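There are two complexes below, and they share chain A, which is joined by chain B in the first and by chain C in the second.
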Partner chain A sequence: MRRKRLATVIALGAVAALTLGACGDNAPPAGGSNGPAANNAGVGKIANPSSEKGGTLRYVNQDDWDSLDPADTYYAYSWNFIRYYARQLVMFKSAPGGEGATLVPDLATDLGTASPDNKTWTYHIRKGVKYEDGTEVKAQDVKYDVERSLDKDTYPNGPTYFNDFLDLQGYTSPYKDSDPNKLGLKAIETPDDYTIIFHLKKPFAAFDYFAAIPSTAPVPPSKDTQTKYKDHVLSSGPYMFDQMNPGKSFTMKRNPHYDPATAPTRPPALPDRIEVQLKVTNSNDIDQRLMSGSADVDIAGSGVQPAAQAQILRDPALRAQTDSAITTRLWYSVINADVKPLDNIHCRKAIEWAVDKTNLQRAYGGSVGGDIATNMLPPVIPGAQQFDLYPTPDHKGDLNKAKEELKLCGHPDGGFSFNISYRAGRDKEEATAKSIAESLSKIGIKTELHNYPTGDYLKLYAGKPSFTKANNIGIMVYGWAADWPDGFGFMAQIVDSRTIHQSGGNSNLGIKDPKIDQLIDSTLNEKDAAKRNSIWVEVDKQTMSDAYTIPGVWAKGLLYRPKNVTNVFVTDGFSEYDYLALGTTNK
Partner chain B sequence: MSAPLEVSSGETQAHPEAALQGMRGKAIQGRSLGQIAWMRLKRDKVALIGGGIVILIVLVAIFAPLIVSLVGYPPNEPHTDYVDPNTSTPYGAFGGVSSHFWFGLQPVFGEDIFSRVITGSRVSMLVAFLSTLLSVVIGTIMGVVAGYFGGWVDTVISRLMDIFLAFPLLLFAIALAGALPDEAFGLKGNNVRIAVMIFIIGFFNWPYIGRIIRGQTLSLREREFVDAARSLGARPGRILFKELLPNLMAPILVYSTLLIPTNILFEAALSFVGAGIRPPDPSWGGMLADATKWFTVMPNYMLFPGLAIFVTVLAFNLFGDGLRDALDPKTR
Partner chain C sequence: MVAYIIRRLIGSVILLFVVTAVTFAIFFLLPRLAGATADDIASRYAGKSASPEQIHAIAVRLGFDQPLYEQYWQFAKGIVVGRDVQLGNTVDHCPAPCLGYSYIDQRPVLPTVLDRLPVTVSLAFGAGIIWLLSGVATGVLSALKRGSIFDRLAMGTALGGVSLPIFFTGQLCLLIFSYTLGWTAHGGEYTPITENPGRWAYDLILPWITLAFLYAAAYARLTRAGMLETMSEDFIRTARAKGLPERTVVTRHGLRAALTPIATIFGLDIGLLLGGAVLTESTFSLNGLGKLSIDSVTSQDLPKVLGVVLFVAGFVVIANLVVDILYTVIDPRVRL
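What follows is the complex of A and B.
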């Protein structure tokens, strides 16, 4: 027995010796990336095109949907996927690149017609569109789902654009509706079964984007099971739900009553079956499954994890199967003016100058992960302008300028401290927080990192002003992707101070400037898209000169495209693969 | 870890070696328990190696800042020039191991793994030692009291031990770490978390040692010297602490040495699941957790913190085993 123990020690020593023996002196090679990062066969064009029908397309999801109910969903991938089983009035065109960001009618016969004041919008519904049970889709069903989406107590997840813009006259929910057909909302008229008219309380010139929100998909009032409806949404699209294991998996099969003749703007539905696995908790595992061919699409669509990225970049064969999707997502951090002394703009500006942006880019995987952001609006959004109010050499930060601002702020040596919050389990946000803390330590600002549960980050923590103030959270690490690729779709929810509620759940983490609010209002009635865009650039400039945000990275997603998936392309409408067009060679 | 150690006191018994020497007619030298134990320990090379490593690791933990300032880089200092920004992994073979960075670099920002492993030992050692101390103090007092007084006192304490042993400790620790305030008990930030880890690990592990001490006390209290003390009118306090406690030192010492490695593992587990100290400060468990994400492309990142835990735990166990053999030869 003794001998055995001695042997263990010797073996251990051998391991240590081997380890140390591997040490050598290798100087760092000059920096720089190694060749093009991605093959990009699916960017701007269609990779592996095919019109062959049949087979099973297998999706995997690290988490679960917020909800499959068209009235209650806000994830980009969900809006992309929902077109399989729901037809909203308008949708993003199923086409590669920038064309995918244009709107085409889906359930409607055409895009909306506006009244001269942009307050009344009319759509006509296609005839002959049928649900999976064979009944025909009516304009009233569309109205009913919009009514449902207004009820944020029952359906908290979806966007609030209809709540904010429709002339509700106090209407709150179809479940509190005195009308016997539950269609009492005056803001939406349905003069006949194929016409729907929206009345807004303030003008909105780009209403077609609202009409592309999934809550304009039809839900017949007689089939509404409220919160249980998400377990079997009545399909109006090419696929219907088959087996459903909530929280685990579901499958879809073809909707026998779907008629492609009623869907001239849609691509042919290729696969016979769709399988979705939920809560595959390890995202590294998802990447491995994609690369080994045992899964087809990571539904989150935000790209592979760092480990897989490193693996792909080292292997030309893997790299040939990748696309780098430029997204409308900005990874940024908000400086909280509620925390002293950050209420002083000079202290905020000191932070802007001090931050080393190359390290923020590193946090998100280098140039493959995204481009260094110097302002808010992602360049992929039409009309966006790139500018830099805090230009520093190579984006590495300028400590002298930072110290000058600190002097103006009355803290020449820093000497104050606060906390930095980020979402637990998000390694890239943790790295961002680490890097900001490191930069700030150089100008004498002490910070501590705090993570909070991702699911409640906005509701209870970073998105709740009383919490951030009480917990001395001076910087909140965050990220935002456009609801649709235009200035309003990106900026409206994150810089408009009127969207901040003391009760929490805010997407605007503390940007408060009346000038910004005024500029936003001036975009609403502007019919000319180019003029609208230029006002959004003004909003962007104002936000940056107020020094409320530290833009980090305009994200790119390194998407892996397994060989057996056909018709693959990235659409700018969602910055993901267009799920509607995908086919498969798996039988 | 729950297996009770069968440690019985050999102190009041005749020592066969001593008797043997006496029979050979040489001058009889009285030797204390400590001397005999040391003699035995000296013969146990494995235990000595273990003990040597233990001392080394403790010294490393104490002088970590000095070591790091002499031969490493500050544990949170980024070395981005040495890391490929796109793959996030260090340039060079084996995770960037070089004469500058002996254990290589961490992915993304390139922190010196050597410095982090060295600095990380402080948290491990601090938590392991102090929580062991806490367990031993509570366990000894409760064990001695239960064993000596017996009756309803024994019943109450024994049931209390059962309750504590049934406690889902890891889950409790994770839940508590999530709800921790930033400042508490006059401490701030990571110090709060270290204090809480010490409390959780120490406070909930005392029944293991408590049971052993109780068993020992049960047998000791019937001994003549206890009877003698009692008949001379000694109060219970004196009997407990002056008569019984010195005779319990051997099992306490042995058990402490064997409890420390368990607590090191427990601390690493807590840090691994994110209930330990917060980033960017290093801990072995936290480094391991981070390394699992990079395992496929950078296996060496996992190697060094893993090796640190492995060597430390092994050394403590070898030393503890040897100590038990030396102090208590009957239990072999």
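What follows is the complex of A and C.
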């Protein structure tokens, strides 16, 4: 499995040599080493290929979207699915494996053209792209949706990258816009109907990733129904909304005005209809339906439940229908330097050496749940490098080295204590906290476990510096997935010290190193993607040598691929099946 | 009778007021007593990486910074006359009776509740009819043939029914009848009765039976005990002495007297179930009120929780009233 993943990276030609070198030295045990592995016909290649059109593709969702509105959505599966009904300027290529993590123009004719200072980005819009009502998509409509996405009061869910980078000059919302056409934002120019120019306040060389955010999908100002727009988004893609039962289900049919000639980078739209069932709370039921053929795709894309997992791995026929791929999700813990004596790097390093990582992997279900992580950047991210600054025999921890660091820290026998936090109701995080506590007790560090409500974990507890300090929380168990497969998309929100607000809600739980901040800044203006990637590896190395985090597991999911679904493959763009390519034999 | 109903209705309104006040206090007063600020409460309605200023703006807009009685007043007023909801730069109207406005869905709560209601009503009444018929019939037969093999078997099964949790029996039934045999619908299917009654029953038969099994067990035991007691009363002996056929003795004299407590409990159970059979709906992924309340609690959608609680409390109160009126029909000795 690791080998296949590697092969894709090599094919990409992206710093292959580095990756190989790192793997040779410190690679964790290969996935699936204990017991039978997944079939992986849909990893790095297309399973059940077909160009047959027609039929109904049936999705089930255990939960519900944050919003179907392109200006207001942040879920990975939503960004994958939204390509059915919204065309962004740029999108992730619909291709297996690493190729799926590359960007191709969609609504735009080409990737963006940057000014030399990387602060002005120009895109040209394809002519003849039509909404479901037959009107043509205009550059102004793209601008309008970006304007809407800036209004976090009305649309709180989406990312804030445009708020952070565009030269807003005080602009807050199209609903407060004095311009009669509601197009008063000066940071975006539309000199004609087919050209759009973004002006940034600071350089950003990887802007094409921003242009792939759903809020660059067009919304015509005259059709904007504000918070009700999510009930019927005007489609610019191959499918349009048909029936809508909010919170329960919706269906989509073909957009009669969609012209494949305007979409050379897209795969053919195969199914005639798409059905989505929401809030199917019984996740075991979802798995059983996939296996019995009465549902096609679990849209969350994180894999089957443990019960179905055991059933599948026992049965070769079921196993033949599975894929297991590493995602861009890392389960890790942060060591809080605000809590004494963890402000001393040697005390933090003692923890790094002491932790038995095989236990952390076990907490996530063993090799089926993921690979042991020795650094931050998940290996599927282009240019990521695996390395291990704290190599211990079989990843089981090295108590002698830990004790040496404790001596340097001035606490030769440990003898200090702090608390470990995790999210309530998350068994795997609780198991992680327990196994870290157990490892630390062996070097004389006493810890107590505390859980906090999941929904407020960042806002009121672990993500609030004053709270963690006051409550002596030395280690915070957490997890993170990339917004998109790129160093910035993974790291920017969790290691940049400038993203830490005293008021809480931080996803950076306490990594504070000016060197890291400097490195991040140096990526912003670096045009060469390979060089950018190597700087992100440096950020990763700096984070690890600062001993701020205990990486646990790079998550994997066991995906089940029903027989009646065609053209199935995992794309590294979303670490899920590529929904745009799927077809069905189910009429 | 009319005066009685009016008295009860007034009592119901007061009761509902108390229920909303208590619910409101649980969700808005307790966090404050625990030290949460208005901004803390508002933060769950803000986006992923909202700045403190944004969060504070939301707190002000949603009125979390105002005194609690003021917030409650706004809520109560909304029920009677409706209210406008500020959504940052846009305004949405929540028409009367406004049971609250979900800031997460950005919709009024009531339409969502009404939308979920048919599922719950179908589930509750379908299961109710099944368990009432089967439970009472089993109970009567058991009582008449006390000590027989049928009695022992029935009461043993009933004990099992009462003890087994629905998430177990439901999952087991799904596994056997849906996944393996393919006789019934899998979870998550619901067709409105107005659309296709046959399909409606097909989709719901498994949840009905699973839910009814649990209740039928209790009803069988209750009916049996009631019947045993009644059948040893003097008036039964009199009826027999009059030469009435045994069938008439059992149905007209025995069962009728034994039914009164059953009717009381049935009313309460149906009232509660109309508030949502949380476990059944979750196991079978039916989008009814029970699942709505659980979903709202997990997503910390407080206005929705409040709205559902109020709606459900209304059901329980009404069901109680109906039962009390039905008493006069079942037992003529009762005068209201």
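Methods note: the second predicted complex is superposed on the first by the 549 of 587 C-alpha atoms of A that agree within 3 Å, B and C clash if a C-alpha of one lies under 4 Å from a C-alpha of the other, contacts with A are read in each partner's own complex, and residues count from 1 in each chain.
The criterion applied here is as follows: a residue touches a chain if its C-beta (ideal position, glycine included) is under 8 Å from a C-beta of that chain, and two chains touch if they have at least 3 such contacts.
Computed from a prediction, not measured in an experiment: that's the story for all the values here.
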Which of chain B and chain C A:Thr160 touches, first, second, both or neither: second
Contacts of A:Ser292 with chain B and chain C, given as first, second, both or neither: second
Partner chain in contact with A:Asn284 - chain B first, chain C second, else both or neither: both
Dominant toucher of chain A (residue count), chain B or chain C: B
Partner chain in contact with A:Tyr194 - chain B first, chain C second, else both or neither: neither
Contacts of A:Phe467 with chain B and chain C, given as first, second, both or neither: neither
Touching partner for A:Lys248 - first (chain B), second (chain C), both, neither: second
Common ground on chain A, meaning residues reached by chain C in one complex and by chain B in the other: 284, 288
Residues of chain B touching chain A in the complex: 44-46, 49-50, 76, 78, 80-89, 91-94, 96-100, 102, 107-109, 178, 182, 189, 274, 278-280, 290, 293-298, 303, 307, 310-311, 314, 318, 321
Chain C - residues contacting chain A, complex: 36, 39-40, 43-52, 54-55, 57-58, 61, 87-90, 92, 105-107, 112, 115, 171, 174-175, 178-179, 182, 186-188, 282-285, 287, 291, 294-295, 299-300
Of chain A, residues touching chain C in the complex: 60, 74, 151-154, 156-160, 172-173, 175-176, 226-227, 245-248, 277, 279-282, 284-285, 288-289, 291-292, 294, 455-456, 459-460, 493, 499, 501, 503-505, 507
Touching residues (chain side chain A, partner chain B) in the complex: 2, 5-6, 8-9, 12, 15-16, 19-20, 22-29, 31, 33-34, 37, 284, 288, 305-311, 313-314, 358-359, 361-363, 365-369, 419, 424, 427, 430-431, 434-435, 437-438, 448-451, 453, 471-472
